[in-house]
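Have a look at the structure below before the remarks.
Per-chain residue numbering starts at 1, and chain names A, B, C and D are given in the order in which the chains are listed.
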Amino acid sequence: MGILLNQDSRIMVQGITGKEGSFHARACMAYGTKVVAGVTPGKGGQLFDDEVPVYDSVAEAVARAGANVSLIFVPPPFAADAIAESVDAGVPLIACITEGVPVQDMVKVARYIENKPVRLIGPNCPGMINPGAQCKVGIMPGAIHMPGRVGVVSRSGTLTYEAVGQLTALGIGQSSCVGIGGDPIIGTSFVEILGLYNDDPDTDMVVFIGEIGGNMEQEAAAFIGEKMNKPVCALIVGATAPPGKRMGHAGAIITGESATAASKVKALREAGATIIPTPADIGVTAQQMLQAMG
Amino acid sequence: MGILLNQDSRIMVQGITGKEGSFHARACMAYGTKVVAGVTPGKGGQLFDDEVPVYDSVAEAVARAGANVSLIFVPPPFAADAIAESVDAGVPLIACITEGVPVQDMVKVARYIENKPVRLIGPNCPGMINPGAQCKVGIMPGAIHMPGRVGVVSRSGTLTYEAVGQLTALGIGQSSCVGIGGDPIIGTSFVEILGLYNDDPDTDMVVFIGEIGGNMEQEAAAFIGEKMNKPVCALIVGATAPPGKRMGHAGAIITGESATAASKVKALREAGATIIPTPADIGVTAQQMLQAMG
Amino acid sequence: MKLHEYQAKAILSRYGIKIPLGHVASSPQEAQAATQAMGGKAVLKAQVHAGGRGKVGGVKVVQSPDEALQVAQAMLGKNLVTNQTGASGVPVNSLLVEELADIKRELYIAITIDRGFRGPVMIISAAGGMDIEEVSSTRPEDIHTEPIEPILGLMPFQTRRLVQKLGIEPAAARSAAQVMTSLYQIFVENDCSLVEINPLIITGDGQVIALDAKMDLEDDSLFRHADLHELRDRSQEDQLEAEAADLDIAYVNLEGDVGCLVNGAGLAMATLDVTNAAGAAPANFLDVGGGATDEKVAQAVEIILSDPKVKRVLVNVFGGILRCDVAARGVVIAYQRRNSNLPLVVRMLGTNLEEGKSILSESGLNVTFADTLTEAAQAIKQAI
Amino acid sequence: MKLHEYQAKAILSRYGIKIPLGHVASSPQEAQAATQAMGGKAVLKAQVHAGGRGKVGGVKVVQSPDEALQVAQAMLGKNLVTNQTGASGVPVNSLLVEELADIKRELYIAITIDRGFRGPVMIISAAGGMDIEEVSSTRPEDIHTEPIEPILGLMPFQTRRLVQKLGIEPAAARSAAQVMTSLYQIFVENDCSLVEINPLIITGDGQVIALDAKMDLEDDSLFRHADLHELRDRSQEDQLEAEAADLDIAYVNLEGDVGCLVNGAGLAMATLDVTNAAGAAPANFLDVGGGATDEKVAQAVEIILSDPKVKRVLVNVFGGILRCDVAARGVVIAYQRRNSNLPLVVRMLGTNLEEGKSILSESGLNVTFADTLTEAAQAIKQAI
């Protein structure tokens, strides 16, 4: 069935009346996602596109529309509030797409959600999709996906689409795809997503796409080495980025040995992951592994 | 064996070189308690009373002396720091005797210790004692206690001694006695201590002593009604205190219906606890119950 | 520690909360001039550390400067007795002269510490202007409580929820939310045990104004607020209670004639309970504390002996931290200093008991010893 | 956003951290006068947004006002090239003239965000004055990292531990701990991504002074610090990078000749990787972002085209949020505005792909289409 999302996922869009929110709410709906509510304070009572009720608060969206997943598009200064509102209302799964959330806001949010029964994906992420359940909670182009048994996880947006595009072009479907986000502080780590794929009976292998910067890929490598019982193929991008330069993602800045592509590739290889040679080889590498698995 | 403490409890005294700390460290040692370390920043390297090594930090006391219980006597402005230092060093059990800790310091400490493997007793409490293990971690007069099978729990200091004194005078020993403290925000509630007594094979019954103010006694009553499988006799003091007056403990201020003695007595009686008619009847009530139990 | 309304309002104003134009007057002439400056009409409010002043003439609207003069003359220098004061009341040493407000709605908003939540909660009600404890017991559904996570502070989604519960019209919603946010900041930054705006009013033109304000500072945190400590007004406190507080002794003045000295708040309450049960009435609650010296005990006993309604004294000490000989010595010192011969019942237990008893026996005081709480209560009942 | 040393020090000083007496000079005469005022000796420090200035003549001690004049003349108005700048360096527009310090010890102290801890950590080392990344790789045991729990803040037990690790003598310990506490306050209250004092010195007479200071503000939080935003010095930034930043485009100037326009940081890095792998060298990293309009794409392409080293352009767009037709239209607009005929390789996928292709085909530009990353890299290699 894939991870995080399933046929019972009922999505509310926080910021549905905004430019981004409305565009992507429509795209999610067009993909088949059950978008059951929108939330925009002060605009409660409206109907979005004549079909989705808009509420003033998340609590109302939960109580009246039975929403159980939040998809957040509010502007950066209000993102922490939107996340906290969903957590407070007991929403168990939240994807925050918003880019540019102040780091110290996320420091606080990270503490707030600790030990609470909630999973936050992002912020600054493309979201997640489960093609088999026709459920898309994010900004990825739905059409490139196809149902299948390969899990994809990445820090990035368009690079995830690139990976998915290569897979689909070769007829390899996806159980789920998750972009965990590129910010310094995010809700869910690589390790946690790998753990979900590991436990998902409908995922046979995982395509893992990391980047330079930080040491999350090393943590993932440790998990792959110790716990993962499914094959993983891994790509690290940014090998040719100049040191000390910031490459868009707050994460993609090389500081210290562990942040280099070489260090990450080494850790993943030693953990038993198959290394994808270049970003152009994602699909073919996965194909070879699937063939080897029989 | 009683609760919280046992023969393996190795106590460090934070603030051992202060007036209160040194007095009570000696009293604990005289009782038979294994006081293995003292902590006073800047005084590391000294020997307290020619036998207890003093360290600059809790981490050192843990590493070098194997301390596993902290007893805190530092002045109120430094109490939160002392607690946090013990938590940070991985000490699993802390009793903070200090009276007058700023409430907002405790608000923060309460969040900090949440979900950490640590139990904090107090602050503003007499501490805890396990007569059978000859282990006293607090300021209660050791001599009035005797080993036995009755658990005592109270918010208060001297009133706990009163209760113990009455029990011992009738030859009724105690498995453990715990004073949880009178401040608005404390580390461990009545309910948690009742739970420990409930699970302790060496406790046959519990003497419970509550006060006016707050609604912790109602929570305890709910626990007694639903979970407690041992008899409880309960006293509530402050019935004749005038409403709206603060009676020393920050807790003992009557606001709202649930804070009254009558409301608490009712809840406890309905939960199946035996009500101790007046503070003078603690011992005899326990005696009658023990006789009834056979 | 309590603040006066005008002191609390000055702090509110510093945090951006709107308050009425006002002037503190300590003489009738000042009140007259202030009323004149406000256009001839004003409200005069007695500045006392007690609620319930409105029902007993502590708040008066005046229609002219001359009326202000007369009303101020009648109020200043007198004691105000409300349902929250003792029979003697509290002195009115200053008046807050304020412009009259155009009240459309009256709301209640406060922050205090919730023990169960272990942190601050905001309490709101649309039934502002009333006694909130009465609202709480008669119409609990009109009160909403919002816990505030310390790591996040009061979040916008919470102020939106509160504003919605209060049914505040959109025009005033933003200001009301801002008041809530500021109030939380005030609570935290000043280590309050209570901040309360009752009523928070919405005016005809949609302004949100704190018409009254109450602010209690947490005593244990005053050491980090030297500036606030200076706002203390001792004239508003019970003199014996204030004296005790200076000595770090917990003391509450009661109505009976049995002076009580106990160590420990719980045992002190228990002592009140058994004394009452025996048919005697305590004159006070007094917890001398654990680490007391003989001098501190002596000062505590002197506070008791200086209370004219006290006819007999009960000492109940469980000698743990406080040793019995120290307590005994303190009692004797105080009786000698005060030259008192009031009957004395002493019940002591614990460390150095015998020494304590002999100190008292040899002192020549009119002392009766008791071994148990019951005996102590009986003895004090008969000690008159 | 980076601050100059003198700006950072002014903030440190406001939080009670001692800094040397200093004066900012933007002319040689000012430097001379400031040196005179300091008693004739001083250190002149180039105010540039780059580390490593000491090794390339950016910090000079002068022994007289006249020497200050000469040194300042040599430094001001020139570009300083350090190991952290590009080949053209950064302009020196001002000097910090500071009194000489009596250095007994040099320590390192900084706060930044630790991703693993999800919060701020304090980093200290007794090896102050050196490049901390070098210390970190060669002597990791000399660096200590202390996580700071946001709910508690930096606690005294932590500063005691840090002071002990640094082996600070008791006389200076209290000041050093106070510096740490203030530094955390600075970090939080100003939404920093980095604050660093290197070196923090202890003087012969036991004073603790910030001899150098670095402060980076987190860009995403600048909206709540209008005052800090004003401290921005655009002269220190790469002009194309600054222009891109103003347009909210992530752009990094590189050394090659392939201008790259990509949407998404991850895909942009992947594009650099495959371009390099094919033997061509990127002139830049450019992430135009997801919600771009044709005008924004046009401006991004114009930035690329205005870079004189660019000889060919690679567009790699995964049309999800950004539609292919919008991207195509933007590219055409820019080429037309700039009147450019540089070879163009376009690889597009996703929404409105065919429309995008036909816009480009019909534009008359010298365009080659590619379907895959591999094809795109090969095409750009040959497009010269």
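Here, a contact is a pair of C-beta atoms (placed from the backbone, for glycine too) under 8 Å apart; a residue touches a chain by one contact, two chains touch by 3 or more.
Model, not experiment: these values are computed from the prediction.
Chain pairs B-C and B-D differ in how many C-beta pairs are in contact, and the one with more is B-C. Over half of the residue-numbered contact pairs at A-C are shared with one candidate from A-D, B-C or B-D, namely B-D.
Computed centre separation for the pair chain B/chain C is 28 angstrom, with centres defined by C-alpha atoms. Between the CA-based centres of chain A and chain B the separation comes to 47 Å, rounded to the whole angstrom. Put simply, the C-alpha centre of chain C and that of chain D have 55 angstrom between them. Among the residues of chain C, those touching two or more other chains are numbered 150-151. In chain B, the residues that touch at least two other chains are 108, 111.
Contacts between chains leave no pair untouched here, as each chain touches all the others. By the touch criterion stated above, chain B contacts chain D in their complex at residues 41-42, 56-59, 78, 80-82, 84-85, 88, 108-109, 111-112.
Within the complex formed with chain D, the chain C residues making contact are 150-151. Contacts from chain C toward chain B in the complex involve residues 84, 113, 115-116, 118-120, 133, 136-137, 150-151, 188, 191, 193, 218, 220-221, 223-224, 250, 252, 254, 262-274, 276-277, 282, 285, 287, 289-291, 318-321, 349-351, 372-374, 377. Looking at the complex, you find that chain B touches chain C at residues 19-20, 23-24, 76-77, 99-104, 106-108, 110-111, 126, 139-141, 143-144, 154-162, 165-166, 182, 184-185, 209, 211-212, 214-216, 219, 237-242, 244-249, 251-252, 255-257, 278-280.
Those residues of chain C whose C-beta lies close enough to touch chain A in the complex are 149, 151-152, 155-158, 160-161, 164, 170.
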